[in-house]
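By written order: A, B, C and D. Residues from 1 in each chain.
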Amino acid sequence: MGEKANVLIDSLVKELASLAEKVERAREDLVVVEVSPDKLVQIASLLRDRGFDHVASVEGIDRPKEEVIEVVYQAESYDENLRGVIIELKTKVPRDKPELDTLIDVWPNAFYMERETWDLVGVVFRGHPELKRLLMPPDWEGHPLRKDFVVKEEGIFVELEG
Amino acid sequence: MECPRSGLILIGNLEESARKAARWLIEKTPVRTIMDWGIMFSLWPVHFTTSCCGAEFAATSAPRFDAERFGFLPFLSPRQTNLLLIEGTLTRKMARAAKIVYAQMPEPKFVIAMGACAIDGGIFHNSYNIVKPPQLFPIDYFIPGCPPRPEAVARAIVLLRRKIRKGAYRVSPNGGEG
Amino acid sequence: MWELIDVIIRLLLSPPVFAPLIYPGLVTVLIILVSLIWLGRKIAAKVQLRYGPYYIAKRLGGAPQLIADAIRFMFQEVIVPRTADKIPYLLAPALAMTLGLVPVVFIPVAPGFAGIVTSYSLPLALALSSLLPITVILMAWSANNKFTIQGGVREAFMVIAYEIPLFVAALSMGLAYGTLSLEEIVEKQVLVPGAVLNPLAAFVFYVSMLMSAGKLPFDIVEGEQEIVAGPFTEYSGILYGLVMGASYAQLYVLSMIFTEVFLAGWHPFIGSLGALYLPLGGLALFVKAYLVLAFSVFLRSVYGRYRLDYALRIGWERLFPLSVLALFLSLGLRVVGVV
Amino acid sequence: MSWRDEKLVVDWRKVAKAPGGEEIYELFIGPQHPASGHMRFIVRLEGDIIVDVEPDIGYVHRTMEKLAEGREYIKNIPLFERATIIDSNNITLGYVRALEKLLDVEPPPRARYLRTILSEINRIQSHLYGIGIAGIMLNHSTVFMWAFGDREIWMQLAEELTGARLTHTYSIPGGVRRDLPDGFEERFEKAARYMLRRLEDYGKIFLYNPMIRSRYEGVGVLKKHEAERLGAVGPNLRASGVRYDARLLGDYGAYSELEFEVPVQEEGDSFARMVQRVEEIKVSIEIIRQALKKMPDGPILAEKYLKLLPPKLRERVLKTGRVKFPAIFANLRPPPGETVARVEMARGEVFYHIVSDGSPKPYRVRIVTPSFRNLVLLRLLPREHRFMDLLAIYGSLDYFPPESDR
C-alpha cells in the first residue's frame, strides 16, 4: 500500500485512540476499532469526514457465552490512497435488549444492511424508519442467525418429514 | 328427470347438459388425439424463475439448446400457459407465490421440478426457509442436477410430450393437493 | 337437382358472398393467422441464430406449429375471474375479432369485385377498422385487474396518437386521386404506384399502421414486460386466441388498404386468370399485402419497445405534421394535375 | 418529492414515508412477472410517474450464512457458489481468499494465473447474461438470444478448464483443482476474435440503435458523489466516473502482474452502464490473453498441502494436473481470529468476513454481495421517472436477486 496511505492511517489510529476503547491495526489493510455504543455516531461521523464515506457491511455476531451481540460496521473508501483499508467498528450490545442508534444519517447505504441485521439477528436500530422483515417472510417470528435458533444438522440419514 | 330409454337426451337445465355435451365431445377418441397432439406441441412454460436454476432455464431457450424447436415458448402470464417449471430452491415466500401461480393456470397443466433443490432440498436441505415442491404440487417430472444441463431440461420436455401423447395425464386426479 | 347445385355455386361465387367468406374474408384471414405468426417466429429465430418451431413437422420446418397452438388454446379451460363482470368480459374478444374483420367487406380485390361496391370504400374501411380499440378498452375495463386497466389507459392514449395521422395520410391520397373509392384509386395507379407519388403519406400510413396493430417497436399496449399482457392478461384459452387473432386481423386489413392505396393494388393484373374467375386476377394484391405483413412482423426481431410518452410524441409531433405535409403535397399534385 | 438532500445525500425519512392517498396507483410487479425476476416491486404511481418503488426481496433467501455455520470450512465453497451461479469463481474466490489469510497459505503463481483466467471468463459470461436480461426488459428478444448464445462459448471454455458449465468450485484453499487443458490457447483465441466481432453487432442492433438509446439515455442518472456515498459497486460505480476496482488492490489473482486499464464512463445514466459492461468485456478478453502468455509453470497447489499427499499420489497430481484433496481438508482447523476479503465480481465487489473460533466449523461468515449493495440504487433511482423507465433502470443496474438474497 502506498506510503501516503500508511501516514494517513497512522494519523487516524492516533486520533481514534482518544475516543475509542481499543484501536489496533490487526492487519496491513484492516484497522479494528472497539467502541462503546453511545460514542458510535461520533466516531462514525469522524470516519466519514476522513474519507470513509460508505459502509461495506453491517453485521451482528451473536455471542451467547458473553451474553452479548457484537455489531460490526466495516467502513470503506473509494479514493486513491485510502481504498485498500477497511475500518472495523465493533460495539457490544446486551443480548436481551439489543438497542443501538442508527447510522443511516452518517452512512446512507447502511439502510438495507441495518434492516437485514434486525431481520436476521434482532438488533433494534433506534431511528431507522423502516425496520421490518427484509429477507424472511413477513409473518416470521424470531431471528434465525442467533445461536439458539438451531437448524437440524446433516444427519447420516436425512429423515423424510412431511 | 329419468329418461326411459338409454342414450343421450339433452333436456333439463342448460348448464348440466352443456357440460355433458362437452364431456361427450372430449371423450371421443379422434377429438382426444387431436387435443393431445395440440397440447403436446405447444407446451408454454410460465415466466416464473424461482431460483438460481433460472440461468439454465434461460440457456434452454437460448440459441444453442433452442427449446422452441419443441414449441416450448416461455410466455407471459399464468393464464395463457400450461406448464409450470419449478427452477431450483423453493423458499417459503416463493412457495406461496408458486401455489397461487399454479392455481391461476388453466386446467390441462403440468409441473416439472428442475434441479436437486426442487426434488428434495438439494444443497440447502437443512435450511429453515426451504419448502419441498412435491408437498405442494402434483409433479410430472423431476430433473436431477445442480443446475441440470439444458439437455436435461430438453429431455424432460420430450418425456412430458410423450406422456401427453399417450394421454396418461388424464388418469391422474386433476385436483392435486395444494 | 342440378339447377339447385348450379344456383348454390353461382351464389357462392357471387361477390357479396365470396368476398367476405373466401378471398379477402375469413378463409384468407385464417391462412394469414396461421402462416404469418409462424413466419414471424421463424424469421425471428433465423435472425437470432436458432431454428424456431421445427419438430412438429420436420420437412415443413414446423409450419403447423400455429395449428397446434390454436388447438391447445381451444381445449384450454376458459377462466372467468370472479371479480370480472362476465357479459362484457366474454363478449369483448368475439366483438374484437368481428370488428377486426368487418372492413374486409369494403376492400375490392379485382376491378368491380368487392363485398359491397361503393364509391366511398376507403373512408368506410378505415372508419370500421378504428372501432377495434374500443373493444380493447372494454376488455381492459371488464377484466377488472390492475394491469389490464393500465393496458386500457395506454390503448386510449395510443388510439388518438395514431388514428388521426392514419386518416389524414389515407385521405390525402384520396384527395390526390380525386376519388374516395379504393377501386378507382387502384385503377389510377396503373403507371405510377401511390407510394412514388406521395412517399410522405406512405411512410406516415405505414408507421401509424404499426402503431394501431401494436407491432414492435410500438408494442406498448400489450407491454409484456411492464403490464404482463396489457388488456388481455386475464384471458385464457380460446378467448386469448381470439384476441391475438384480432390484432393480426387488423394488421391484415390495414396492409390490404396500404397495398391498394400505395402499392398499386392488383395492378400487374393477370388477364388470363382474371377471365377464368375475377378475384384470381387479383393475386398480385395478396402477394404484395403478404410482403407488407411479413416486413412488419420481421420488425419484431430488430426493435425494442418505445416508451409510452415517446411513442405519443412520435404520433403527435412527427407523424401528424408529416401527414399534413402529405396533404399539401397531394393538393399540389392535384393542382398541377399530374394524376 | 426528490430523495436527494445536500447534507445527508439521502433523506431516508422522506423516502420511507409511503405516499398514500386517492390518486396513488399501487402495482405489485410480483415474483411471477415476465420481467421482475425473483423479486417483487411494489410500485406506487401517480399517473405515469413513479412516486415510490419498494423492492420486496427475500424470495430466494436460502439462508447461506446460517448454513455456513453448520458446515466444515471446505464444504462452504460449493454452498456460497450457489449465490451467483453465473459468476461462480469470483464469489468463491472471496471466501477462499479469506480462508487462506486465516490459514496463512499462499497459492503458487501458476494457480493465481489460473484463478485470474477463470474469473475473467466468468466476468464475460456474467456481463453477457446482464446484457441479455437488460435487452429482454425492453422486449428486444434478439439481443437476449445473441447474448445467451454467445455466452455458451465462454461456458464451454470454462467447462473445458474445470469440468462444469456453471458451478465450477475451482478455487480451493492453497490453489486450484485443475490445470490448463492443452489446446486451450487456440480455442480461447478463436472465441476472443469471434466475441470482439460480435460486440460490434451488439452495438449496431442494440446499444447504438436510436430506439434503444431513446430508452436509456438520461434515465436513472447517478451522479459521482452520490455513487460514492451510496456505496454503488462494479460497473454501476465506474459508469458514474469513479475509477475503483477491487482488482486494482492487488490482493488476489495475478492482476498486479498484468497491465489492464479499468474503463470509466462519466454520465452515470443507464446508457453509460450498458456501454461500461461492453467495455469491460473487451478488457477481460485482454486480461486473459496476457495471462495465458505470461503464465509460469509449476505446481497448482500450495507446497504446504502438496507435501501432505502420499508420494505416489503427489506424482500423479503433478503429472496429470488434477488435484487430489489431502486428508486435512476434511476438517481444516484455522486458528481463532477474523479475516476480511474483497473480490471484484462481475456485478461489483463481494465482501467476506470470517470469524473462526478454532473449531472445524466457522463461528460466523458474513457475505455482502454486490447486488445487495446495489439494492439501495434500485430503491432510489427509479423515483420521479416514467413507469416504463423502471425496467430500463432495473436492466441497466444488472441486479441478480439470488445473489442479493443469499
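In this section, contacts are C-beta pairs under 8 Å (C-beta built on N, C-alpha and C of every residue); 3 or more make two chains touch, one makes a residue touch a chain.
Since we're looking at a predicted model, the values are computed, not measured.
Taking each chain's centre as the mean of its C-alpha atoms, the one that lies farthest from the centre of subunit A is C. Work out the mean CA point of subunit A and of subunit D, and you get 23 Å between them. Remark: subunit A and subunit C have CA centroids separated by 62 Å (rounded to whole angstrom). Between subunit B and subunit D the centroid-to-centroid distance comes to 33 Å (mean Cα coordinates, whole Å).
Between subunit B and subunit C the centroid-to-centroid distance comes to 34 Å (mean Cα coordinates, whole Å). Shared interface positions of subunit C, i.e. residues touching 2 or more other chains, are given as 48-50, 224, 228. The set of subunit B residues that touch two or more partner chains comprises 62-63, 76-77, 93, 126-129. Residues of subunit A found to touch two or more other chains are 136-137, 144, 149, 151, 153-154. Viewed as a network of touching protein chains, the structure does not reduce to a path, ring, star or complete graph.
Contacting chain pairs in the structure are A-B, A-D, B-C, B-D, C-D. Subunit D contributes residues 30-34, 37-38, 58-63, 66-67, 70, 78-79, 82-86, 129, 132, 145-146, 148-149, 151-152, 155, 165-167, 402 to its touches with subunit B in the complex. By the touch rule above, subunit A contacts subunit D in their complex via residues 26-27, 29-30, 32, 53-57, 59, 61-62, 72, 74, 76, 78, 83-84, 86, 88, 104-105, 107-109, 111-113, 116, 120, 129-130, 133-137, 144-145, 149, 151, 153-154. Touching subunit A in their complex are the following residues of subunit B: 92-93, 96, 120, 125-129, 132, 135. Chain contact summary for the complex, subunit B toward subunit C: residues 26, 34-35, 37-42, 62-63, 66, 68-71, 76-77, 79-80, 82, 104, 106-108. For subunit D in complex with subunit C, the touching residues are 25-29, 33-35, 48, 135-142, 145-146, 149, 205-206, 209, 211-212, 214-215, 386-391.
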